[in-house]
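The structure appears below as C-alpha cells.
We just call them A, B and C in the order they show up, numbering each chain from 1.
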Amino acid sequence: MKHRTPLFLTLLVLVLTAPLLWWTLEGDYSIGSVKLAFAPAHGLAFFLNLAPALALGALAFGLVKLRDRLPRFRMQGKIESFKEKPWAIPLVLLVLWLPGLFLGSKGLSQATFAAQYVILAVGLNITVGLAGILVLGYSAFLAIGAYSFAILQQWIWLPWWLALPVGFATSALIGWLVALPCLRLRGDYLALVSLGFAEAVRELLRNGGDLTGGDKGIVIQMTNRIHGIGPFSSQQVAWMGAATLALLSVAVVDRIYRSRLGRAWVAIREDEIAAGSMGIPVVRMKLLAFALSAGFAGLAGVLYGGFTVFVDPSVCTFEESVLVLAMVILGGLGSIPGSVAGAILLFLVPTWLRDWFPAMQDYRLLIFGMILVAVMLTNPQGLLGSRRHRLEIEEGKP
Amino acid sequence: MVQVLINGLARGSVYALVALGYTMVYGILGMINFAHGEVFMLGMFGVVFALGLCTTLWGTSLALNLVVALVLAVLFAAGWGWANERIAYRKLRGANMLAPLSSAIGLSIVLQNFVMLAVTKGKVDFPHFYSDAFTKTHWTVLGARITLLQLTMLGTTAILCLGLWWLIQKTRIGISLRATSQDRLAASLMGIRVDRSIAGTFILGSALAAVAGAMVGMYQGVLAFDSGYSVGLKAFTAAVLGGIGNIPGAVLGGFLIGISEDLTSYWIGSDWKQTSTFVILILVLILRPRGLLGERVSDKV
Amino acid sequence: MKLSTRLSLAATLLAMASCQKKDDTIKIGLTGVQTGPDAAIGTAPINGSKLAIEEWNAKGGILGKKIEMVVRDDEGKPKTATAVAQELISAGVSAVVGHFNSGCSIPASEVYNQAGVLQITPASTNPQLTERGFQNTFRICGRDDQQGIVSAAFARDTLKTQVIAVLNDKTAYGQGIADVFKKTFETKGGKVAVFEGVGTEEKDFRGAIASIQKSGATAVYWAGMFVQGGILYNQLREAGFKGALLGGDGMFDNEFHKTTQGKADSVFLTFGPDYNAKPEAQEFLKKYRAKFGPEGSYSIYGYDAANVLLSAMAKAGTTDAKAVSQALRSQSWKTLGGDVSFDAKGDLTAAGYVIWTARGGKFVAR
C-alpha cells in the first residue's frame, strides 16, 4: 500500500490542476456570464515549458541521492576558522576582487547583488539559525539601513562608505528596541511581531511624506554614491566593496559562532529553559542576537543604496524577507557556509533562468517554490546543515 | 458611522472564515499554514470556473448554478487543502518547526504562480450575472445602505461558525480532532486515526476558505492570482490577535480587524489602514502575548 | 594556494566567455515591464518600437549600419530597472527607448545620464523625470501635471463640480497626478474634500467611499490604474454614488469595460489625441495587429519614440548622445499623432491631452 502513495499523489495533483490548466474561461461580458472552453494546447504548453526544469530537477535529485552514497567528507576539516589563519583574509579578498576585472557589467551587477544577499543571509542566520528566533520581517532592517543612509545624505555630505557604520548602528538600535518588549513572547509569536513590524515600516515609508519621499523614493546624491576610483569603474568598485563586506560579515559571524557568545546562542536554540538554568542570560543574549542581525541588514541596506542609487519602499517587502529566509533555511540552519551557498544559489538561479531560458521567464518563481518544497521534504535540515549538525553531535560540541 | 460598521463587519466575516483555517491547523499541528491564503484564492477561482462549467453544460440559471458552483468550489479547495497536507506537510510532522514553515512558504509560491500561469497574469472579472442579484439589492438601515451580499456574508459566516462549533463539540469527528490536538500520541493509542484527523482539519479549513473566496469574489468583483496574499495575511493576523489555536478567538479577531480597518480609513484616512492593523497586533501581543482569548500555558520543562 | 589558482583560472574563463564581439551595428535598448500584472500594457510600446526599427532596417538601417535591438525586462521594479540600465550600457547601446513605469524611469535615468546615454520614454509621465536638468532624458508622452491640469479644468469648468474627492494608488504615478489635480482644482476655486491613498493591492474601496459620501463630494478623481479603477467604479455605483469618475491615462484600457460590464457612464479620462481618424495610424495598427495581435494603449507611443529617435540620429549624423539630443530639440518631428517638438527639459512642447469618455463599452474622444 505504502509504495503506491507517490503514484496516488501524482494522480491527485493532476486531477486538481486539470480544471485550471486544460480549460480556459470565456467571458461574455454583455450579460456578465462565463463559459468554459476546452483548450488542450494551453495545458500542453504549460507542461512543455516546465519540462526542462522538471528534467533538471530530476537530475539534481539523482545527484543528491548519489552524493549520499559517497563517503561523507568533513566540512570542518576544509574550512578553517579565520582566526587560525588571519592572513587568509587579504588573500581571499584578492581572489574575490579578481573576477571584477573581467566580468561584464551584467555579471558585475549580479555579483554585487549576490554579495549583498550573502550579507543578509549570514546576518539572518544569527537569529534564525544560531539563536533559534524566527524572523519573518527581516527586510524591514534592510530598509531601515538603506533609508537612514538615503535620508541623511540629503542634508549632509555622507558618502556610502561613511554611511556603513551609520546604517549598521541605526538598524541594530531599532532592532534592539523592537525586540525589547517582544522577547517575552514564544518564538513563533516573535516571528509574527517581526512580520507586522515590517508591514508597518513599509507603510510608514510610503506615508512618510517629504521625509521618505513616499513611493517616489529617494535618489542618492551624485557625490554619495559608489563611483569609480582610478582605473576602476563604479560597478567594479561596488563589487569590490560588496565582496569585502560580505567576506567581513562571514568572518565576523564565523568568529562569533565559535566564541562563548555563539555557544550560548546555540544552547538557547536547543533548550531555552536548560540554558537559562545553566546561567546564560537568555533575554540579553536574544536581544544581542536580534540587534546584531538587524545591524548586518542595515549594512546591506547602505550598500544597496550605494549601488542602485535609489531607495524606495519596495526594498521592504514580504517577498524579500521570505527570499532571505529561504536562503538561510535552504543552506542549513546555523551553518555559515550553508547561508553563503543558499544566498548565491537562490539569487543566481532565478536570474540565470531569466537570462538563459527566456521562454521560462514566467516559470522561475514556480520552479523556485518547487525547489524549496523539494529540499525541505528530502533534507529538512537544509543542504549543508544536516552534516554540520550531525558533526556537532558526534563530536560532542554544542 | 453605521455604514462604516456594516462595511467593517462584512469585511471581517471574510477574515474570520479564513482565520479559522489558520487557527485550526495551528491548534492541531502547531504549524503556521502559510499556503492557506492560496487555498482561499484557489476557492475564488474554483467558483468562477464552476460557474463557467454550469453555464456550458445547461446555460445560465441563477440559483441552481450558484449552489452547484459553491459545492464544486468547496470540493476543489478541500481537495487542494488535503493534497497540500499529504504532499508538503505530512513528511515533516516530526521535524524542526522551521521545516514545515518553509515548505509552506514554498508551496504558497508554487500555488500562486501556478494560477498565474494556468489562468492569467491579469485579473478575472467575477461574472456579474450572478453577483448583481446580491450587490444591487439593498436596504437602508439607520441611514446606511446594506446590500444583500453583505447580509449574506454575515449570515453565512454566523451559520458556518455555529456549525463548526457543533461539529467540534458535539460529534465524534470533533472529539477525535480535539483529542489529536491535545496529545497526538495518546490519541493514537486510544484508537483515533491521527492521520485522518489532521487531514480532516485541512479539509475543513479549506472548505471554509472556499466559501469565503466565493463571497469575496462577488464582493470585490475581480479576482487575481495574488488575491490570497493580503487576505491571508490579515486573516492570519486575526488568528493571532484572537489567540492562535483558539476557534472563537479567530472569529473575534477577524471581526475586530475588519472593523478596525474601516474605522481607520474613516477617521484617519485610507493611507493608514494597513499600518493600524499591525500596530494593533503588536500592541495586543505585547500586552497579552497569548492573544485576546488565548489561554495561558506555562512552558513545559 | 590551489584554491586560488583554480579560482583565477575560472575567472579568466569567465572573462573570455563574457568578451563580446564588436560588430557593425547600432544598438538600441528597448526596455519596460514585461512580466507581472502590468505585462500586457508594458509590452505594447516595446512591440511598437520593434516595428519601427524593423521598418528602418528594411530601408537599409541608419548611418550605413543595421540597427540591433537589445530588449530587457525591468519587471516594473526600480531595483531591476537600475540593473537593466547598467546592463544596457555595458551592452553598448547608443540610446534607450524606455522605461514604462515612472518609478523605473526616474532611477534608471540617473544611470543613463551618468553614462551619457540618451533615453526616450514612451510612457513615463511623472514630472520629476525631466525636472532634474538632464540633457539626455526625453519623453514622447505628456506629463502628469499637464494631465492633472486638463482633468481639473474639465471638472471645474465643464462639469461645474464644486466638491471633489481624490484617491490615489500611492505609486509615484498616482501621487504625482493626484497632487497636481488637487492644486489646480483648488486654485480654480473648488474644494477637495477627501484626499487619500490606497495601496495597489486594495480591492475593497467601501471604507473610502463611506468617507466620500459623508464629505458631500459630487465627483471622484482616481489617480491610478484601470483594474482598481473598474472596481472603484462598480463599488461607487453599488453604494449609490451617482457622480462622475475622472481619471488619468492609467485608466485607459479595455479591461476597464470588462470590469464595468461595458455599462460605465460619466467616466472622464485624460489621454492622448484620437488616432483613429488618421490614415497613417490606421496603417500602423494594421501592421501591428498582424504581427503582435491586438494593440495596447501605448503601442503607438513606442513606435513614435523609436522613429523620432532614429530620425534625429540620421539628422545628427552620429549616435553621440549630445549631438542627437541637440538634434531632437532643433526641429519638430512628424509622428502618427501629428507634429511634435521638444522643449529644453525634454518634454513635448504641446502635450495634447484631451478628455475621453466611456460610451457603450469603449472610450471615445469627447
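Throughout what follows, contacts are C-beta pairs under 8 Å (C-beta built on N, C-alpha and C of every residue); 3 or more make two chains touch, one makes a residue touch a chain.
Being a predicted model, the structure only gives us computed values, none of them experimental.
Averaging Cα coordinates per chain and for the whole protein, the chain whose average falls nearest the overall one is A. With A-C and A-B as the two chain pairs, more C-beta contacts join A-B.
In this assembly, the C-alpha centroid of subunit B lies 38 Å from the C-alpha centroid of subunit C. Between subunit A and subunit C the centroid-to-centroid distance comes to 33 Å (mean Cα coordinates, whole Å). Averaging Cα coordinates per chain places subunit A and subunit B 29 Å apart.
Touching two or more other chains at once are residues 27, 29, 32, 206-207, 362 of subunit A. For subunit B, the set of residues touching two or more other chains reads 121, 125, 128, 229, 271, 274. In subunit C, the residues touching two or more other chains are 35, 170, 197, 199, 258, 261.
The part of subunit A that touches subunit B in the complex is made up of residues 9, 12-13, 15-17, 19-21, 23, 25-27, 29, 31-36, 42-43, 46, 128, 134, 181-182, 184-189, 191-193, 196-197, 199-200, 203-204, 206-207, 272-273, 318, 322, 325-326, 329-330, 333, 362-363, 365-366, 368-373, 376-377, 380-381. Taken together, the subunit A residues at the contact with subunit C in this complex read 27, 29-30, 32, 91, 94-95, 98-99, 101-110, 113, 206-207, 214-217, 219, 222, 234-235, 308-310, 312, 314-315, 354, 361-362.
Only residues 35-37, 39-40, 167, 170, 196-199, 201-204, 206-208, 210-211, 213, 227, 230-231, 234-235, 238-240, 255, 258-259, 261 of subunit C touch subunit B when the two sit together in their complex. Per the touch definition, subunit B reaches subunit A in the complex via residues 32, 45-46, 48-49, 51-53, 55-56, 60, 76, 79-80, 82-83, 86-88, 91-92, 95-103, 105-110, 112-119, 121, 124-125, 127-130, 132, 229, 233, 236-237, 240, 271-272, 274-275, 277-279, 281-282, 285-286, 289, 299, 301.
If you check the complex, the residues on subunit B that touch subunit C are 3-4, 7-8, 10-11, 121-123, 125, 128, 135-136, 138, 145, 147, 219-222, 224, 226-227, 229-230, 261-262, 265-266, 269-271, 273-274.
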